[in-house]
Amino acid sequence: MKPVRDLAEAIQVVFEDMQSHLGAGRVADYIPALARVDPRNFAIAAADCDGHVHTAGEAATPFSIQSISKVFTLTLALEQMGADLWRRVGREPSGSRFNSMVRLEQEHGIPRNPLINAGALVVSDALMTEGDPAATIDRIAGFLRRLSRDEGVDIDPEVARSEGETGFVNASLANFIKASHNLNNDVAKVLEVYFHQCALRMSCAQLARAGLYLAADGVDPWTCERITTSVRARRINAIMMTCGHYDASGEFAFRVGLPGKSGVGGGILAIAPRRASIAVWSPGLNPAGTSHVGALALERLAQLMDWSVF
Amino acid sequence: MKPVRDLAEAIQVVFEDMQSHLGAGRVADYIPALARVDPRNFAIAAADCDGHVHTAGEAATPFSIQSISKVFTLTLALEQMGADLWRRVGREPSGSRFNSMVRLEQEHGIPRNPLINAGALVVSDALMTEGDPAATIDRIAGFLRRLSRDEGVDIDPEVARSEGETGFVNASLANFIKASHNLNNDVAKVLEVYFHQCALRMSCAQLARAGLYLAADGVDPWTCERITTSVRARRINAIMMTCGHYDASGEFAFRVGLPGKSGVGGGILAIAPRRASIAVWSPGLNPAGTSHVGALALERLAQLMDWSVF
Amino acid sequence: MKPVRDLAEAIQVVFEDMQSHLGAGRVADYIPALARVDPRNFAIAAADCDGHVHTAGEAATPFSIQSISKVFTLTLALEQMGADLWRRVGREPSGSRFNSMVRLEQEHGIPRNPLINAGALVVSDALMTEGDPAATIDRIAGFLRRLSRDEGVDIDPEVARSEGETGFVNASLANFIKASHNLNNDVAKVLEVYFHQCALRMSCAQLARAGLYLAADGVDPWTCERITTSVRARRINAIMMTCGHYDASGEFAFRVGLPGKSGVGGGILAIAPRRASIAVWSPGLNPAGTSHVGALALERLAQLMDWSVF
Amino acid sequence: MKPVRDLAEAIQVVFEDMQSHLGAGRVADYIPALARVDPRNFAIAAADCDGHVHTAGEAATPFSIQSISKVFTLTLALEQMGADLWRRVGREPSGSRFNSMVRLEQEHGIPRNPLINAGALVVSDALMTEGDPAATIDRIAGFLRRLSRDEGVDIDPEVARSEGETGFVNASLANFIKASHNLNNDVAKVLEVYFHQCALRMSCAQLARAGLYLAADGVDPWTCERITTSVRARRINAIMMTCGHYDASGEFAFRVGLPGKSGVGGGILAIAPRRASIAVWSPGLNPAGTSHVGALALERLAQLMDWSVF
């Protein structure tokens, strides 16, 4: 099979190929706002370095990006404190579920990486330098608006509230990290920031646009604005590759061959370095908590475009 | 800093840059043949897709490739049994040391991936279809001779014997896997194959040459011989990226940005897809069991050549 | 050596023997009220079934009984809900530290036994049937006053407050149990009860008197009041024997041979079935968190009186 | 219900009560010699300190005592090397299955206690001072003959052979301990001793007689021969209480209230200090690997005789 080399065409092929899979997987139901999403939703958007966004499906419909936000808060934290961040969080795959306590206890409150919940809590804490959750949440939302060039990006207050009401495992993690002296702020404030960043709502089109700096060595290729250094952009990609899908990160690297980060809202952000930033959305999850159809779509697109980094 | 784009020049720069680091790290001393290696040895060889091998240092001196052999036995096993292999071994990072029992018990004898010892034991067993260790060892050695186009590649009998005499952790792993019904052959035979493959002796020049098919979608680019399918070659690279350095795989991806596999003999094989296969050797190890200077050299070379896949 | 059979004499011998050990061990310093206790304090009291309390040292000085309270809340919970309690908490030694998360995660929020922190949190929750922490705390304190026949038993508000301010590991455990649907009440309320029961202040004389029902098949032998059934009293002793000292329970059984429960305030309650209830207090702890001199004193007393159950 | 105080009568009551339970549980089937035992077998024997053995059921039929042998090899090892043994093995409950690797790895090859497989392997090694498995096996068998005053006690060669052929988990444990430098002899020799001690065949009458020294402070009460010191006898009982039934030790203490040790052959030895040594046999096991009917019978007997140590 000859690869399709035209991105617009490939996006269409993927869209059509996915029709027979729609509805597969299991929609997250731990909070009402996620549980009531139609499992047959599907969207894909690829922003390339030349200034185009190619889309198919409901690419303008906002969804809860959940853990995908961890990529952006990591970027912000690295810009703010540089390599000092790595004294508080590691960069190794955890080999465990996204919210596992075991690793955290064995490693004395230093989370394995910034893309599991424990690590993202430390990042949230690191961003809150003034002890003000609302200001920190505004800063994160503002960063996403800037990256996506879209003032419409916002936080879903119902989701944030629900996360707070049901987030006992995250509260357990945060308290454990606090006990290990790896949170500077109050546990409740850190959780407030964390639950709000998880409640960011973005469409695939916005999300693909927002991730473009990671495909272009840290520079927004459409505006030439530098978002982070080249080294940091690549290292964030490296962490996405080894840690972006919890204990199914190896599987995603094996099948798709691109750095990526999934969220339980059914979104995935993937980066084809020097090529494009791609966002997919389909709410049904596989047992590891990654969008089932979303991962299939990315595997297909990477194959059609010959985008695997390997 | 402008990247050096000429590979020969870059190899020289790396060689010079490493001089001040020689002797750093700790030489493996669990068997005499490794313990007596001079810690100041250093070699680098990069085989490119155009038919050149660029070298510096003692690139013709053979060393014990140890766990690097796992990449090649994985290739052989995939050629032999295809995706059936994945019923017996996973492809996720383990988040644990190279020889950890814990994961294995938790996961009922299915090793996390084929690049940790437990996984490589399963691969060794899978290769021994006739129950004959000597024939299987010959087949593995023959594969390396074919890949490196060098009949001089051989197994160090002293190393193989020493591994057998001191390999109690590997014997523990193999017996546990046998108890979990995931070895077909006798434990002693599987260990014999495993200890011999670890005792393969190759120079950096030979090893770089041997790995070239992984940089070229499964085809030896000098002879156009297909070694494995394109998909398998890329997937082996993906596994090297996420699992190639035990519980320091994230660190290697973060710093070097290339798929790689290290051995306790001080060698590392790294793949720059579509560019080159690189072998380095320096016996001093970091605490994770990877060559300290070797990893530095690869980080430097990837930077000079702008070879990070991210 | 012929055993001393007179309890009053034995208590004196123990008191004298301990003089050379006073000050050994490390005083708990995670909260100020514990940290400032003089490490050279020592007290012992043995209440026998015939109506006598024999004491030596500062046996009338109240100290923070901390985890010893778990024995009494367990008794209350068994009286309230009977064997249903065992659906929410196990009765096996944990083989882990008193506050370990690992076991809890592996066993899905069912704590291993009611004498580790996680188990005691479940017991606290079970006692709070009306959702009212203050009433539950009153009930627990009232039970201790009744058992010790002393209205002076009370809760130290400073200790309760300090526990709340520093109790992040307990908050982590409680949130994890809540996430596992094994707490009926709000996490904050459960922690309030738990921190207050840990802050109970009692003297050795009061504590020995309070534990007497466990030495007498569930009946207070001085008043003939039944506190719990005979079977429950013995089973509580069995749990104290196998689980009373966290991951040093085996050591205590091995050396002392009596059911016991220690607290980080330096107290230990031990039961010599059909003979006596013994309380000791010495603030310096061994690495497992049990009073160093207290354990020595109990070992000596058990030996002098030939009280080992084995 | 008034307790039966006559042991002969109690044994009869237990025997009759157990009739309705016969056949419950699951017979061990990992080796043929165990798998073919009739699950409806039942025997009980209680040897008292006055020179009587009371029996019911097939108390003269020999069965494979399996792990019950660990109590006797522990006694021998303590006689041989005293407290030095505790440098090589702990005395804490493991909180894990009988053959778990996890604990062993976490604790660097020092088994948690001598009654789990890993600990018993260390004890077997400690007994083999001359490096001669056959002599060590003879010594163990001879000790059991001496204790039971019966030259008929012997080792079942078929069971020993089967254990060797299927004992991969034990081989895994032994190799791991060897790697941790906690075995002096060859792994194969240690396993040979261990598999033979597990293959000891004894009847309930022989076994009850053999355990009597543990009920009498280390002295055989019928012959006044001292088998071990009083302190050691009591400490062995303490270890049986906290560790005798793997991760169901707490349950046995809770229900029966006596030190005991079970074997997968369906036997249990229990000690009523100062009263009697009791052996039961019924091949069906509960999920923790203890005889289901055997444990019920001991619970009933302890209740009828009021023998709980608590």
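To keep things simple, chains are lettered A, B, C and D as they appear, and every chain counts its residues starting from 1.
Here, a residue touches a chain if its C-beta (ideal position, glycine included) is under 8 Å from a C-beta of that chain, and two chains touch if they have at least 3 such contacts.
A quick note: this is a predicted structure, and the numbers were derived from the prediction, not measured.
Contact with both chain A and chain B is made by no chain of the assembly. Farthest chain from chain A (centres taken as the mean of C-alpha atoms): D. Centroids of chain A and chain D (each the mean of its C-alpha atoms) stand 55 Å apart. Separating the centre of chain B from that of chain D, both taken as means of CA atoms, is a distance of 47 Å. Per-chain Cα centroids separate chain C from chain D by 32 Å. The set of chain A residues that touch two or more partner chains is empty.
Going by the touch rule set out above, the chain pairs that meet are A-B, A-C, B-D, C-D. For chain B in complex with chain D, the touching residues are 100-102, 104-106, 168-169, 171-176, 178-179, 187. Taken together, the chain B residues at the contact with chain A in this complex read 90-96, 103, 112-113, 233-235, 237-239, 241-243, 247-251, 253-254, 257, 259, 271, 273, 308-310.
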